[in-house]
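What follows is subunit A paired twice: with subunit B in the first complex and subunit C in the second.
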Partner chain A sequence: MAAIKFRNVVKSFDDGKVTVIPDLSLDIKDKEFVVLVGPSGCGKSTTLRMIAGLEEISGGELFIDDKKVNDVAPKDRDIAMVFQNYALYPHMNVYKNLAFALRLRKMPKKEIDEKVRWAASVLEIEPYLDRKPRALSGGQRQRVALGRAMVRNPKVFLLDEPLSNLDAKLRTEMRSQITMLHKRLQTTFVYVTHDQTEAMTMADRIVIMDKGVVRQFDTPQKLWSEPADMFVAGFIGSPGMNFIDCLIVRRGESLCAEFAGNRLRIPSAKVKMLEPYEGKNVVLGIRPEHISAYTGGINTRESCVITVKADIAEMTGGDVNVYFNLGESRCIARIGTEKKISAGDSVPLLFDGNSAHFFDKVTSKAIGI
Partner chain B sequence: MHKSLKKYFPIFVFPVLAAFAVSFLIPFAAGVYLSFTEFRTVDTSTWVGLDNYIRIFTEDETFLNALWLTVRFTFVSIISVNVIAFSLALLLTRGLKATGFFRTVFFMPNLIGGIVLGHIWSLIINGVLGFFGVDITYDPSYGFWGLVVLMNWQMIGYMMIIYIAGLQNIPDQIHEAASLDGASPAKTLFSITIPMVMPSVTICTFLTLANSFKLFDQNLALNGKSPDTSLLALDIYKTFYDHTGLRLAEWHGTGQAKAVIFFLLVAVIAFIQLRATGRKETEH
Partner chain C sequence: MKAKQKVFNVAVYTVLLLLTAVFLAPIFIILMNSVKGNFYISDEPFSLPLGEKFVSFDNFLKGFTQSDFLQAFMNSAIITVLSVAGIVVLTSMAAWYIVRVKNRLTKMLYYAFTFSMIVPFQMVMYTVTYLAFELDLNSIWGMVFLYVGFGSGLSVFMFSGFIRSIPAEIEEAAVIDGCDPIRTFFLIVFPILRPTAITVAIVDAMWIWNDYLLPYLILGSGRNRTLPVAVQMALTGGYGNKDMGALMAMLVLAIVPIIVFYLFCQKYIIRGVVAGAVKG
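Here is the complex of A and B:
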């Protein structure tokens, strides 16, 4: 159980020639489940490895439980890590893999046995204690890797893309197991993934990273509803948010966003923050989920109906992803399956202005946040 | 496809089988037969039963000495070659500068032929011993340790390459997991690294054992003139070629009998060693 603090941490390679993390400051609370997420090469695994002590810190300070750990060896940090490829000891059976760290601590045999059997029963790997890792399936190996971390009762649990080698079904199963494990162990969990579904479903808070920079550190709900910039808005959500260039204009009493010959009235809650942008171009962001098929019902003041030509209609099960062009922007709408839509159809779509986001075209930051 | 391949199997196997039979199986069987005969040439042999084998342990004074020397030499070589080669492999997989250069340098002695190597070391060792007014034949222990040094110099580079391949096969994350588990470098070495390079240990021990046991040309060139430092292979050679006169046919047979014993020894020891180390191997 520990809080982790990054204070202006820098990580560079090749004697400072390549900087992967320019200036990282982050506060992870005690017992929190934090997920580091971002595209490949964004520095999330490097950040995790710095917590573990497997990567040296080039600058700044890292604290675990208010103790500066920049120069503390991995073995003295009291942390456990689960690796992407499990990193089990292939010459030891499951029991010995779980017991290895405890034996090194010279724990009495009886206590080791109790802890190993406790972890094995929690993770349902008791029948495999005598097996070597090569005789286990991917899911079983991953559970052994989790068990190896559990038995140590560490201050911090680090997980580096632990589910990426598993198939989709097993991944969903293991996701809930890890969440339950966090609740049970009441320990700080730091989890790295590039899968936003994992991040959104498991985390108390998510760190979104890009090119070594934290773009936003917030709860999943806030990341979804109040993305700090276009990167976060585009990263969270599948399919990602649509971005459409628009001009902010005043038409009579109302402030409107005009794009590709269409006009969307700005919701009253957002008028004040967009007034300084009157006469300027901004980026309108709208999630595919907030564009629906218009069926002729009531159209509110803050929504507009645009008829588009569907290029592709992708059936995903419960929904259909409709791809279309709006001006120069490529857009996707996620709509229900009630109406059958085929490629080439003209489809009237309802854009929900209340769910629209606006971003500064120059800084790409969300306007008003 | 599978069925038609099976049908033509004898045709494809025959050339190799014939070559193997002509170049190995038949000479080997003939060799075993000749060990029970007296002969000057292979087609003038006379059956003498176990006489040759009895002569080795009664009349011949050199065989047991050579056997004991070979066993000691093999034992010392296996340990020294493998310990030094593994240590070098560990050093050269740490990402140090000029690693490639050192790997090449350490491997180079392996490219030099045994006779040349023996002469080079004979010059070096005799050059050093010359300061003390003696040479390598002065004391059998000089010859013994000279052979050990030579063997190490020649074999270490080769074994090092095999160990490097084994070490590079261990994923970095295994070592990282061990360090997070709290293992010291020494503990990691003995509990993780060495068990995981057991396939390399098996092959290196086997190669060192077989090469040490069969060492001949280096022995001939370094200290072949000394009667006390002949290893088994050289002793067999001397049994064949150092005898002349009326009893030549007897000594030919005796040399052949020694060769059969030599083969059995190498085969049995290598088999036991492969079984022993192979059991400790783990796939990863």
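Here is the complex of A and C:
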């Protein structure tokens, strides 16, 4: 059990010529399940590898359980890691793979056997203990990799995109297995992925990284409802949030956002924080889920109906993704399947102002957060 | 179409059978003559060892006792075993370092090793012999040293190709599990390299066991002489008093170990050569 603390950690390559992590400060709590997520090259795997001790730290300090580990060898950090391509030892059978780290620690044979069989039973890989990794399926290999980490009973579990080589169905299955494993083991988990669904469903807290910088470190719910900036707002959610340039103006008593000839009344809860922006351009962010098909029902003060021309209508099962242009912005609405919509149709859409987000056009930061 | 294919197959098999016969004929003739009397070897070299021509294993006994065969056999065996072991262990470690540690030095080393493969032995023959004598390497141990040097180019090349196909994560997992670099190499990397290591061992064992020129130049025809040199000496020894029967028996004994070794390990050769060609 351990907390992990990054204090102004810097990571650079080529004698400082290329800096991938400019200044990272992060507190991961004991027993927490933290997911590092971001686009390729954002530094999430490098961050994980620094915790593992596989990458040297160029500057700053890293603590595991209040012990500075900058110069501590990986084997002495009491961590275990699960790799993207499983990294099982191909010449050893499953039993030997699981027992390898324990044998190196000169643990008594009986104890090794107990631990190996315990991990194998938890992960349901007992029938395969005599098999070599090449005789296992992807899911079984991944479970062996998890088992190899489990038997060590480490302070910290590090998982580097462990599900990315599995098919969609198996990934969903393994996702729940890993979540249950975390609950059962009560250990700190740090998990790297580029899949936001994995991040949102598994994490206690998510670190969203971009170009080596932490954009937001928060719970999945907060990241969804209160994104810190346009990057986070666009990254979380599928399809991503729509961004529309708008002008904040006062019309009578009300503060409104005007865009592409349309007007959306600013909800009273957001009026105060948007007042300083009166007469200025900001970015209105609205998730596809918060744009619905207008059927002539109730239109609240904070909503507006806009009729758009659907360019593409994608059936996804329970919903239809409708693509359309609004001014210069390309937008998507996720609407129900009650009404059949085809490409080229004119569709009246209801924009829910209460769920709208506003971002500073210059800094891209969320206004009021 | 089928008839055409059949004719083609017959032609291909005929050519292959002829080629096989051409390659096997010398070995068969030596085997046949190794159990024939001296008179019949020179008079009827292609006849089968039947009846009075057959002398059982007398030639083998003579070959053993007359030409100090056992000493030459032991010299060849020691040099081959130690050199092959040295080449396999040292070059696999060198290749691992070259592939995993990426800097200017390792790049230069890799080019140096691969360049050494294309330099013909005759080009460096004189300088190597001279240096070997200057550095007191004209001994069995010196030969091992020289063979490790001469064999390293191809071996480093082959090992490097295979190591590139091993995901580095496997070694990182070993490091996290508690291995230092030496343990990582011997417990994880080297066992994975086994197919390539066996291929390198076979190729080098055949080369070193059969090599004539280098041991002749360095060890000469003295007590440290190797088997090919001893056989050649028996062949040219003394005016007309050559014992062809004993010579044939010596040749059989000289090729048996390497053929057995080859047959034992041949299934790994293709695997080792192909290994590293395709990732996965």
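Just so it is clear, the second predicted complex is superposed on the first by the 369 of 369 C-alpha atoms of A that agree within 3 Å, B and C clash if a C-alpha of one lies under 4 Å from a C-alpha of the other, contacts with A are read in each partner's own complex, and residues count from 1 in each chain.
Please note the rule applied: a residue touches a chain if its C-beta (ideal position, glycine included) is under 8 Å from a C-beta of that chain, and two chains touch if they have at least 3 such contacts.
Remember, predicted model here, so these are calculated numbers, not experimental data.
On the shared subunit subunit A, the superposed partners subunit B and subunit C overlap sterically.
Look at A:Arg134: by the touch rule set out above, it reaches subunit B but stays clear of subunit C.
In the superposed pair of complexes, A:Leu54 makes contact with subunit B and with subunit C alike. Legend: residue contacts after superposition of the two complexes on their common chain; A:Val116 is shown touching neither subunit B nor subunit C. In the superposition on chain A, A:Phe83 makes contact with both subunit B and subunit C. When the shared chain is aligned, no partner comes close enough to touch A:Leu255: not subunit B, not subunit C. Across the two superposed structures, the residue set of subunit A contacted by subunit B and also by subunit C is 52-54, 74-75, 79-81, 83-85, 87-91, 100-101, 104-105, 148, 152.
Looking at the complex, you find that subunit C touches subunit A at residues 167, 169-170, 172-179, 183, 188, 191-192, 194.
Interface of subunit B with subunit A (complex): residues 171, 173-174, 176-184, 187, 191-192, 195-196, 198, 280, 282-284. Residues 52-54, 73-75, 79-81, 83-85, 87-91, 100-101, 104-105, 132, 134, 148, 152 of subunit A are the ones touching subunit B in the complex. Residue ranges of subunit A in contact with subunit C, taken from their complex: 52-54, 74-75, 79-81, 83-85, 87-91, 100-101, 104-105, 148, 152.
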